[in-house]
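I have a structure I would like to understand better, so I am pasting it below and will then ask my questions one at a time.
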Amino acid sequence: MRVMLTGNGAAAWGARLAGVEYLPAFPITPQTEIIETIANWIDYGEFDCRVVMLDSEHSMITAAGAAATTGVRTFTATSSQGLLYGMEMLYTVAGWRAPFVLVNVSRGLASPITLEPDHNDILAARDCGFLQLHCATCQEVLDSILLAFRLTEDNRVRLPAIVNLDGFYLSFTREPVQLPSEQQVAGFLPPFDPQNQGFRAGAPFSQAVAVLGGSAYSYFRYQCHLAALNAEQAFSESAALFSEAFGRSYQAVESYRCDDAEVVFVMMGSFATKAKAAVDQLRAAGQAVGLVRPLLLRPFPVKAFGRALAGKRGVAVIDQNLSPGYGGILHAELAANLYGHSGSKPVLVSFIGGLGGRDISSEEFFEMAKITRQAVADGSAPPPRLLYTGDELREMKKWQAIALQQSGRGDQT
Amino acid sequence: MTELRFRTFRDLPADHLLGTGTAMCAGCGGLEALHEIYDILGEKTVIINAAGCMTLLAVYPFTPFRGSWLYTAMASAPAGAQGVRDALDLLLASGRITAAEDLQTVVLTGDGAAYGMGLSATSGAIERGLDFLYVCYDNEGYGNTGQQSSGATPHGAGTATNKGPLGYPGYKKDLFAIWAAHRPAYVATVIGAEPLDLARKVERAMRLKGPKLILALAPCPTGWDFAPEETVQLGKLAVQCGVWPLKEYRDGTVVHTKVPKQRLPVEEYLKRQGRFSQLFVPERNETVLVEIQAKIDDYWCAVERHGQVEE
Amino acid sequence: MKTASRILGTAFFLEGFEVQDAPRYGAERRGAPISAYVRASHQEIKERGIIRDPGLVIVADETLVPMPAACVMQGVGAQTLLLIHSLENPQVWRDRLNLQGTVLTLPSAGETADPMAWRCIGAACAAAAARLVGVISRDSLGSALEQELAGLKAALMEENLGRAHWAYDLMEPEQGRVVSGRLLPTGPFSSPEWVDLQYEEARVSAPAIHAAMTSEQVQTGLWRTRRPVIDSGHCKRCWWLCSTYCPDGAIKVDEAGLPEIDYAHCKGCMVCVAQCPNHAIEVIPERSVSRTAVAGKDS
């Protein structure tokens, strides 16, 4: 059945079709619609699941990890400030090896507080041990939740997973989404098997005990790494099964019109479809340009990226995030992964764009392609570029004039 | 309420369920209370622990528990209890576990979490009516980090962050009243030095469904500066001087379970602890001593006025 | 011992040395075994952490020496001077430990079960070390003691200074016995046996314990410097108060109602001694107990 759904609606359907039993929740824009939708289904008897409103995201992630550790299929969702409020528990429950899925609806982080998306929230959680899937369409949101449950419950992995979608551009945007039937999903995603783990009388189980000394710590932390690495293989297997079950194919790294491309854009999230539109226009103009997009960011798909970028001469990395004092985070990751391998390497050009939901125009994509081609010709990359126009700065200056106006009050006395 | 199991001292367990070999300080009043409580709770429990001294009860690969344990973080142990309880209920309802496999969810934290960082998560768990027992070992400061002042530190006590002649300027928060204001199933104060009173209260709590608090004053040789062998003596003095009223909140009312017949002057309690030494040397701080005594007297006057005394 | 390392560190510093001193915490609990170390050099110190090849090892609690779990003897080699706070003859310790290197003992002021004697042990150990290394003057030691013990009350300060100077004098014949450490030879070395860690399933590779009461394998009996001993003749077989009150649950009661102390785990807090209504539990110094069974149940 094909229906119109927002990204939030698709996330709720993903959870419902996955048969989640437990949803600890806390509201935050632009995620709230997900938990409201599920809560309403439950209230009207359409879906059997337990929703519990917690006092914070920190509590919410604790409860989610605890329930998954006890042995029920668990789902939760948050965004931005909420993800960071729960940050301590992201690391903690990953260490518990608690298998559950968390949806994050990306939104720029304070300060200044804002509602529109960029990826600093989800990238702040990059190193916690959760797997990360980054969605570009509403359909991918639903599908990625089903994939994520298979990954997180895989005995070779057993790490929690985050499915990320962009606020507004996906969360509140309706698109046609193919809703699989419950039977189809049942064939793809078997019931959660806790593998005899959990808190039960007669089976003493002390989870997350302290360690003294670096050797034990190193072992446990590195096991999280090995588990995450296993998720790349598990992903390709699950994606193959998914394709059989639902007829939609996913790869850890998507290559769009890349085959003969000299220059590619690298982007993640919903803005990547804007890059696809630009690629189509550039192709129509005869330019060999493509798009490379990671769906899986953790584990970092080293080999898939290597294949996708093999033979490319220029790469425009468009980071919708900013690490102050460095620049784009995806740029850093790609640069690190291209280094140390034999063969010729593409020139990497860094762009920062789309912060706080700031739009990226077609002309800007064209310009980035042009700059990247020039960098290939020069054999060196220009300094990183923030996508920011003179018009924007002029508008900003008008606001600043108001913000910096001398108060009249002092003059009255 | 049906007949209680613990009528005399001879009804107290002579076998102990909590394993030895834990890293708590010698003479730890919190461990004393915990082992007395665990004797009664038994092994069909999952202890959900918050950051504090008792984080180190279990250090890989050593655990003192016969049952289960989950370490969470400082602020969110009650939320961990929520997740475990809800999951067990779901598993029971769907027949994936039997009633015999069910566990009681028990939160274990120090005063740092109970009075401060974890209060929001606690309040949430109570308002949701979560069926759990919260055990707090209250050693009146952040003991695990060297006894800095917490929301549970009493007026005038020296702490690692109040080393001056006046000690801690604030007043101990009334966690009992904060809990009672939520109208939970049960709230009780206990102390390891009064094991019979403690046993009765833990048993009562176990029979009730809903949120329950067992708040144990935990004399702390390290943080309060007294010799480890005086832990019990000091605990008894806390009760006899009226500093630590043993009481319960049940069925909407507060009842004092052990009222000191002849209350001892609070100085008897204070002067045995290094943390209060600045009230006595180099000279007596009469103002603070009188104030502390007056607050205790006021408290007990109100108790008598409201008749909050067990028959 | 943390204080001892600070006193010694400051004394070296006052003598113009580059210094590194630090405590090593385990559980960070009062009463638990603790160690601390000091490095001193005329050059900048670049090494960090545990000293693998110590020139001097000082043991304040002799009952820890024979316990492998306490790791007291780790790194002790032919170059190491071992100073043990003990009433026994150094030769007894040499034989007992089968040691090639030098062993000295720092006797107590007297055979005592007085816990207050332990309040000065850090100062005494630091002072003995100051003499043994041979490059710390009495003045520097005195200044270091005053700096590091500044928070103490006057009487305790006096007692500490007295004990320190007594130990400094006592070690005079051994002045300068400590040999300086050497750099690791730069020639052939044995490669570390690095392994490629393999994935193990989450049940195994999470910090989880799927067993009960494994903590009983931890011998907290090592913490004791004094031990409570029940006089079964005087024990009235009451309602096992000692057993109930024991914070660690280390007193079991047999069927006849007689309590038995689990010395493998008793930390020596003496709550039982203070609470026994019939005063049937006495205190004896741990060092007076058979040393092969310091922490064992078979005392």
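For clarity, chains are labelled A, B and C in written order, and residue numbers in each chain start from 1.
Methods note: contacts are C-beta pairs under 8 Å (C-beta built on N, C-alpha and C of every residue); 3 or more make two chains touch, one makes a residue touch a chain.
Everything numeric in this text was worked out from a predicted model, so none of it was measured.
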So what shape is it, when you link every pair of chains that touch: line, ring, star, complete or other? complete
Which chain's C-alpha centroid is most distant from that of subunit B? A
State which chain is most central when centres are taken as means of Cα atoms. B
Report which interface contains more C-beta contacts, comparing A-C against B-C. B-C
So, in whole Å, the Cα centroid of subunit A is separated from that of subunit B by 43
In whole angstrom, the CA-centroid distance of subunit A from subunit C equals 52
Per the C-alpha centroid definition, the whole-Å distance linking subunit B and subunit C comes out as 32
Junction residues of subunit A, two or more chains touched: 96, 203-212, 216
Two or more other chains are touched by the subunit C residues 26-27, 207, 209, 211-212
Quick check on subunit B: which residues sit in contact with 2+ other chains? 43, 56, 58-61, 63, 65-67
Could you pull out which subunit A residues touch subunit B in their complex? 21-22, 24, 50, 52-56, 58-60, 62-72, 74, 88-89, 92, 96, 198-212, 216
Residues on subunit B engaged by subunit C in the complex (per definition of touch): 8-10, 12-16, 18-29, 31-32, 35-36, 43, 56-67, 144, 192-193, 195, 221-222, 227-233
Touching residues (chain side subunit A, partner subunit C) in the complex: 95-97, 155-156, 158, 195, 197, 203-212, 216, 219-220, 222-223, 226-227, 229-230
The residues of subunit C that touch subunit A in their complex are 26-27, 197-203, 205-212
If you look only at subunit B, which of its residues touch subunit A in the complex? 43-44, 46, 48, 55-56, 58-61, 63, 65-73, 75-84, 86-91, 96-97, 100-103, 120-121, 123-124, 128
